[in-house]
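Okay, handing you the structure first.
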């Protein structure tokens, strides 16, 4: 039996040394059923290879028009060889090709953040100058820039980064992204998600949808359905000093404007605007009558539901008040006394 | 007598089904005098219609070169029919055409935020993929993206949203917008307003000018002359959980960096950097000698002038201190005791 | 002996009145040695002049291929005259040409922020509409916009500002800039600096590298090696109400996400996420055992090292705790009691 973890045919752009700058995979496939896996294995070798436009056309014809993978058929119009990635298992990143494939899988909603092996991705992704004329190797940009200018063309550099904008590769259905520069390829945006100009979503991070994202979803962070991040709200990433705690936010929760969280939150939680709760923040936990239940570090409350975090305007004390339906949580908390 | 609430001749771009993606109205007219209203009514029917380039030329000639509306004359160079919107009253949004017209009116400073009937605007604005090749229907983008790539052209997707960038349609005099992706069509930017890269202005929102905007002006929010928003300063919008209170900020006020307000402020108010005042925030009001006048919820102070909000660094208490010239306010506050 | 403070050959773009909109200097030179200064003075006059492509070629040939200044050789391919700026001293800004040259010097890492005379720069920089078709004079944009549209071309306005994006002029080695619209020409980005989408660097400001910049580096602010700014972290600029204190941050320091500083910080300092320390903030200074050493205004702690600023979650008190190796600092602080 053929083992296919992920497969895609794509199109790459390259520097003057023929080293890849980016890969575009219009119709990636993840963990296909036995029949499709066999079909892929019959036609393509494992690893990172190339194929002709004719091979793309033949493969897509065999798939049939109704298969999502057939969206790659347009690649058959290419002038030269296409790139093929066939991963038999979810191993560490080998090069730019499989790195780009895994990022595509997440943005195509075929893989959840934190579900793929991304070991080594930073080292394998080339740094690229992304322009309105396409990607340019940083070592080649000075000459390109000068030449464009003397020819009267504007060469706009959008960004200089390893990770390109998601919307230049994948535009998932039912989303709005009010500033394309704020969402990296590899972001997972569920149906009904709006990322406002102040929102940002890193690769391997996302929102299940529907969500209103006006804050920052750091690498590794996922927010659940109907949860919102207010303007400039911050979620602490593992890359950015957040340590080993992986932040997730459940459903129907809200991190207010200019607020932030360094702990995972469950469902129906709220952090009031302007309050940053880090793992080490001392929190006074109150019950529904406003009586103090206990003193805690915020990390002890990780993942709880029905919590409302505020900083008391009279005393400066950071309080965790239980939301209305939090009786269960309260019992749990009392049990820990 | 002819009734004209708003009128404009414009140019639309359309998807492959001839459905509009956007409208550009270079010289919209609002509530013209009787003579001009009659002139418009003589030539154009009420509602959303089309006209020929020749009709544009004839209309602009009749207007005379000095009339601001004559700036539409350039449309006479179009190859095909132009779009005409003639609204006899300020009713709910009927379609994309009148939605775009009302957004243009605000960005052209012909209508203040909150002065127009925008009912239904979200439903009537099409979601669009805005690229360096023009607007594309999200249902058509995948093919366009693939084709551009195989042809060696870079298709940069700037944003995917119902609301385009203001600066692609209207650049009001005397403004600077340091990042065009942060100001939506429908923003009102008064003369002398600078929106820095961290600033953002939504549609139906604005700054009277002159202002330094390094924070976010939410939908429905207006800030007065000589008032500034520090970096990442937040104004709570009615769309974003701010409830029914409509935020305005008067003249010569400052919301500091990383601060925010959920209440309207009058003139000469300051919220110190990093402090978020929500409507429900408990505030201790102090007089000029630092004596406590009263305890209040912030919403009770809505719209007051000469207020300085700080969180006391010794006690964590949120205080409203009166600015120097605030004697009047103090009396008012004492009267409420 | 010839006096050369700064020299560059560049290429300008101009409005329909032949007034400059921008200048591009691919290989600026600052304070050359005597020999090179003489070579420059032999060929070019002091001030702002023009030269022919042939003069560029001859000058670069004399420099020799190995000299960094020879990177200007590509300008010899120009169709028309080039622009030459030769400053004999670091005087106030005379016009757009020397303003652009000084901004280039900083982005090319030839001058540190705050080391150049920038007096008058705001008045001398023209406000420009920056588009995907090049710079346009704001007075000419309406016609250009209309014409492009009728010709079926998309005219994307990136920004309307006096200061263009750095990455359209200079891409220093070893940097990543995840959103080009957030770094102005005149920013100094040291080797190994990454500016994330939420980071921003003004002109005459910078990061020595390596740094992770997810917050805002205001005009005049410099952060040292291995220091990081968390998402939306704020550094108070002198332009933005920060008064006369010039903010610098030393090495190995961290301003947390949504935090901010209005005082200079030395080495190994941390401001916890969400806390804004302004110059006037009352701070309680604690020693390593958590004992109160003194009460201070934050400005009295300016420039100190090994300080950890937090707002106590129990009391709301803002505390400055000493980092582990801060014995020296403590002694110093005790001495001030």
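For reference, chains read A, B and C in written order, and residue numbers begin at 1 within each chain.
Operating definition for what follows: a residue touches a chain if its C-beta (ideal position, glycine included) is under 8 Å from a C-beta of that chain, and two chains touch if they have at least 3 such contacts.
Computed from a prediction, not measured in an experiment: that's the story for all the values here.
Enquirer: Is the contact between chain A and chain B built from the same residue numbers on each copy (over half shared) or from different ones (under half shared)?
Expert: different
Enquirer: How many degrees of rotation bring the Cα atoms of chain B onto the matching Cα atoms of chain C, given to the nearest 5?
Expert: The superposition gives an angle of 120 degrees.
Enquirer: Quick one: chain A and chain B, Cα centre-to-centre, how many Å?
Expert: A distance of 31 Å separates the two centres.
Enquirer: Would you give the residues of chain A that are in contact with at least 2 other chains, written as numbers and ranges?
Expert: Residues 132, 158, 181, 232, 258-259, 274-275, 311-312, 315-317.
Enquirer: Tell me, which parts of chain A touch chain C in their complex?
Expert: 127, 129, 132, 138, 141-143, 145-147, 149-150, 152-163, 181-182, 184, 200, 216, 218, 232, 234, 236, 240-241, 258-260, 262, 274-276, 278, 281-284, 295, 311-312, 315-318
Enquirer: Contact residues on chain C for chain A in the complex?
Expert: The touching residues are 11, 24, 26, 71, 74-75, 77-79, 131-134, 158, 165, 167-168, 171, 173, 175-181, 197-198, 212, 214, 228, 230-232, 254, 256-259, 272-275, 311-317.
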